[in-house]
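Given below, in the form of structure tokens, are the structures.
In what follows, chain A forms one complex with chain B and a second complex with chain C.
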Partner chain A sequence: MSQIDNPTLSASVETVSSYLETAFTSVKAATRFLENTFLNAPITIQIAMVFIIIAIVTTALAYISILRNRYRGYRTDKKLARLCPRIDNLLIDEVLSHPSLQQHVPPDEIQLNIAPFEQLPLHRRWARQALTGRIIHFRRNVRGNIGLLLRNLYMQLDLDNDTLKKLKSRHWEKKVQALTELTSLDMFISDVTILPMTNDRNRELRAAARHAYIKLSKNEPFKFFDIAKEPLLMWDQVELFRTITSTENIAIPNFARWIIYSGNKSVISFCLKLVVYYNQHNAVPAILRLLETKDHYLRADAINCLGKLRARIAEDKLVALYSHQPIPCQIEILKALGRIGSGEHVEFLKTEFLHATDFDLRKHAAKSLVRNQWVSDHPGDELLSSVSQENLRILRHCMNPLIKY
Partner chain B sequence: MQSIVNAISHIYQSTIFLYGLVLLLVYAMLAFFSMLGVRQYARQDNDYQLDVLAGSGIVPGISVLAPAYNEGLTIIDNVRSLLTLNYPRFEIIVINDGSTDNTLEQLIREFSLQEVDFAYHIKLKTQPVKRVYKSTNPAYSTLVVLDKVNGKSKADASNAGINAASFDYFLCTDVDCVLDKNTLLELIRPVLQEEKKRVIATGGTLRIGNSCEFDEGVMTRMRPPRELLPRFQEVEYIRSFVLGKMGWSYINCVPNVSGGLGLFDKEVAIRCGGYDHTSFGEDMELMSRMCRYAYDYNIDYAIRYVPKTLCWTEAPNTLEIFKRQRIRWARGLAQLIHAHFHMFLNPKYGKIGMVIFPYNFFFELLAPVVEMLGLITYLLLALLGYIHWHNALLLLLFVYTYSIMITTIAILWDQLTFRYYKTWKEVLFLCMTAFLEFVIYHPIIVYFSLRGYYNFLTGKRVTWGNMQRQGFGKK
Partner chain C sequence: MKKILLIEDDEIMPKIVARILPSTEYRLEHASNGKEALQLLEETSYAYDLIITDIMMPYANGFEILSKIKHRDRPIPVIIISNAGNEDMIMEGFKLGADDFLKKPILPAELLIRVKKLLM
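This part shows the complex of A and B:
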């Protein structure tokens, strides 16, 4: 009774009871509406009423979601805007400017001062993630001992535990994130963990696992070429190419091995690009064998590769093949003769330039003639004056240093 | 007699009800698919991947085509914007389509251009190309300028650009559009990531740049337009690109890749005859022909969309210019349906014949006609006293709330993924526009569409027309 006497409490009870009354009246009104209006309305109107309610509720929820998302994003940005400069300063002071680095002390022997990092709110996952992100960012921009020191810091702060947890996640995007982090920091992952992922059904995970495998496997980094069942997409090739060509201390095999034996055309095509990058002249016999393939896209890739390798040994075979090739392969042969630039097939190129019916063939023949220095060595004024207007324009196009393509 | 009237009335009501219901269900379906599409994109989006792509030497080259007609006011900033694109292998081909102002002179002066003998091969017939220019400044080595006789259409200029293009893919844009620096990386990504299909075109989201801030052709601050008419268009673009095209993209049924921003497979585009210079909707027309070509030659194709905003365009801010634009679009749609009607409900053309064309026919072409007929019937019945006002208002409220819901969902997807605009007030401002769109903007669109159809039916002569740009940041 004494509590009821309390004026604040009694006012609250009154307010609650008035709310309840209002709610009760609303429910009654809704029931009345349902009985009188909704149930008696035609079906179209009933559907319309239902949709009106759905639309209003959905719109309201959408507004709430927009505001909530913006607020959360704003808070995250604010937190990161405060934290990231602190992290960056610490990384610069404690790692990048570490005095031992100047004295060429091996990174494993350098004692990092972890204490300032422990001042960061690392009990929060978002802060740990931000720190990992900044370490990776710095590591991508430095090489040598500083990179190793950043990796040591990552391990000493136990940030790898978070990454390993993500690697065990059921969500593929978490696994991809984990693999990217581990790859960026050159962390060891066992082959048994990665290899199954290189053939995963999810394309993103498959690609990330392949990169990780090449970068991190201590045994045979290109082993997955042997077991790759799915084609390597152009996107995968771009990423793999970058990974292979930017990984330090990787044992580069002779890619002719896959050019000869792989049943996966995309792997062969990719190996041809790597052969060019690593200038593997010992792969030329394997590539010459590939000219017999029935797939003319692959054949065009092989011809392109021979041209880029400047394989003079292939010139005669290419010229002999020329007449019964589809246009893309013929173009590649003309380009290859230009790249090899031995000057031995100038007559062939000249004939193609003057007599081919296809515009692109004439253009590429002209380009290769220019590359063979035919124009400068043998100005051939007589010929220049006798060629058609169009051919003359093609020739001038190819000779003009301002025009690249 | 009464029974016949009743029967007709019943059929009419049922047809309209069914029509409306299917349309609303299609929108609901698009909202759902676009959510899946945008989520999928967001999961795969990764700046590091773009860095890898930007530094790669094995990516396919892209030719950027920018037709220009009397763009003297903005041409320098716009070409500068194109030159900042981030991609390892590309060229920019500006096609001066016989401008009568000083567009060409400005280009020659600003970019140190010199006339060159260019091996220009006419694969697609266009008005003659008079001269080709290249820059003597190595900083602009990617720039090619074609000077051609005016072809009275963007299609003709674009075709000339395709003829001069060196690479296997071309990006078609308007020279007055400002592109995001990563546009080429974003648009080529679906092409490289596709597992089994051949991606013949990719599109990206366009936005209205009227109130955005630009610095030398680079967007520095994104804002929704302050003026009402461009703001309506911003809302319409978000709905159309983020919800509509992303939804269609998810089920590989994209009906159109916008002329303002689209990446195309050059071989397929040339084989199907390039842009049609007689069409008023040349972008949609090309897309239909490319799809048709793909079906005729058994190419398992895909058309993809990127929900990220990659292009800002200047929207008409006066009713007169807006009217010209929309009449042209409506006429283009009518032309398209007429020219390719044999694909309509033709199973030989798969999704384009059974989904895209019926959708375009019933819900794009016929929608303004149905709305106008509905309005006339409504007024007639109101005059005769046959309207049950309570139910009529409920139905109107239903359509109104539903349209707001769809627009808000489109803004939501956009916000959840990209959080464009700096302040929440700007977003709210945009959301509120949806409340007015139904009562102000939509009737105007319907009217202009009907004018476009009328012009199509009567064959009224209309030219490409100057859009009277004001230029970004110069208002």
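This part shows the complex of A and C:
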């Protein structure tokens, strides 16, 4: 056996041999445990032992995985903390302070100096993603020629290739991210790619695709209504409404088209809200036809829409329908008569106010009477003095201009 | 040189505004939230020629700062820069005494012109 002279090497050899010894002892202990305890134990205890070992191993693996992910996140954050200020400075120096911007040169003709950007570690995906994120962040703060230059930079650095790859990913969250990026940068997406996503089974992806379609489609931003099979949830409707009403230069169609032909009730209901927002009076005949629908929630929405459009043409039909409607529709009819406020159905409202058994019906009838200026026109009306205490309280509540509901 | 206080929690906006407003004409100071802004204003005895503020910020929002500034004997001109396009919010800002409102994303030239106009 050769002698080891180097003290460091001999210490290492000693450490390794001590580790091996420990491992050997552990294996021996495990074998002893298997022979003496495990194999001699009853079957139920053996099963319990197996489950305990599996649980311990799984927990250990889960902790290792969490630690690994946190460490990777920490490293990425550290790298981004160094990279982002560099990107910001480059964007400010090379794009925001571009001398051609002061000379009113059209952004398409401005040649950006992309050499400094190539010094960034753009061969790494996380760095490219950080640059895309920063460009989008800048575009959320500035528009005009600078916004267009930022978009040009995104394209010149081929960052759009990454986004398009993400759009083809199997993971829905990557697709949503890609759609958000493309929308923020006003990039074109073909209908063939985006339309199927507007009907995707995943709710988040569906919503993102619909927003992107409205924002990016210049001619027919509502084409996806034609193929919408999944319902537009209430939250989706709120978001879509915000997108539609805040998007500039959007081509607004006649929403009566979907009120007549769409088989998707949530699309019809949403179109009714858009009809009101855009004050599309030419949709009234289509909405009147919708009063024949068997779905009373949809009918209530249609009545609500007629009221908000102040469609006097619908008043007689609403009064005629009233007696055989469910309570939600009756309430909407009373509200609509108040909104239209022609004064032609005051007697009907008075009867409902005095004789309806449902409290909500009486309250809405009273409110509509006030809106029809019945109370102010007939201050000495004997009915007013002869109504019951409860009805008088309802009337006073409705006459208070500070109370809205 | 005119002294401007920018109250903005977005980390990029101060860099952009600093680039838009020439440093030879304007001295820009930055507060990243409402509380910090109020502290700065108290410390300097409101010695600013113009305040540019966001609305939605942590600790104290733009409206609180606006009402505090406008209740002083010598009110300072205020420009609101926000991405809240909500009509009610804009009206609320003007009711509280805002001198101008710019919606994000801003046009750099527009900001410069409005700042110049208010500081004339």
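One rule holds for everything that comes next: the second predicted complex is superposed on the first by the 276 of 405 C-alpha atoms of A that agree within 3 Å, B and C clash if a C-alpha of one lies under 4 Å from a C-alpha of the other, contacts with A are read in each partner's own complex, and residues count from 1 in each chain.
Operating definition for what follows: a contact is a pair of C-beta atoms (placed from the backbone, for glycine too) under 8 Å apart; a residue touches a chain by one contact, two chains touch by 3 or more.
If you're wondering where the values come from, they're calculated on a predicted model, not measured in any experiment.
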Which superposed partner A:359 touches (first chain B, second chain C, both, neither): first
First (chain B), second (chain C), both or neither touched by A:88: second
Chain B versus chain C as contact partner of A:402, first or second or both or neither: first
Touching partner for A:96 - first (chain B), second (chain C), both, neither: second
Touching partner for A:56 - first (chain B), second (chain C), both, neither: first
Chain B versus chain C as contact partner of A:239, first or second or both or neither: first
Between chain B and chain C, more extensive residue contact with chain A: B
First (chain B), second (chain C), both or neither touched by A:229: neither
First, second, both or neither for A:144, with chain B first and chain C second: second
Which superposed partner A:66 touches (first chain B, second chain C, both, neither): first
Complex contacts: residues of chain A adjacent to chain C: 88, 92, 96-97, 134, 137-144, 146-147, 246
Chain A partner contacts - residues on chain B that touch it in the complex: 17, 21, 24, 43-44, 48-49, 52-53, 55-61, 91, 114, 116-121, 134-136, 141, 166-167, 189, 191-195, 391, 394-395, 397-398, 401-402, 404-405, 408-409, 411-412, 415-416, 419, 424, 427, 431
Residues on chain C engaged by chain A in the complex (per definition of touch): 10, 12-13, 15-16, 19, 83, 85, 104-109
Residue ranges of chain A touching chain B (in the complex, touch as defined): 41-42, 44-45, 47-49, 51-52, 54-56, 58-59, 62-63, 65-67, 69-71, 73, 173, 180, 203-204, 230-231, 233-235, 237-239, 241-242, 273, 359-360, 363, 392-394, 396-398, 400, 402-405
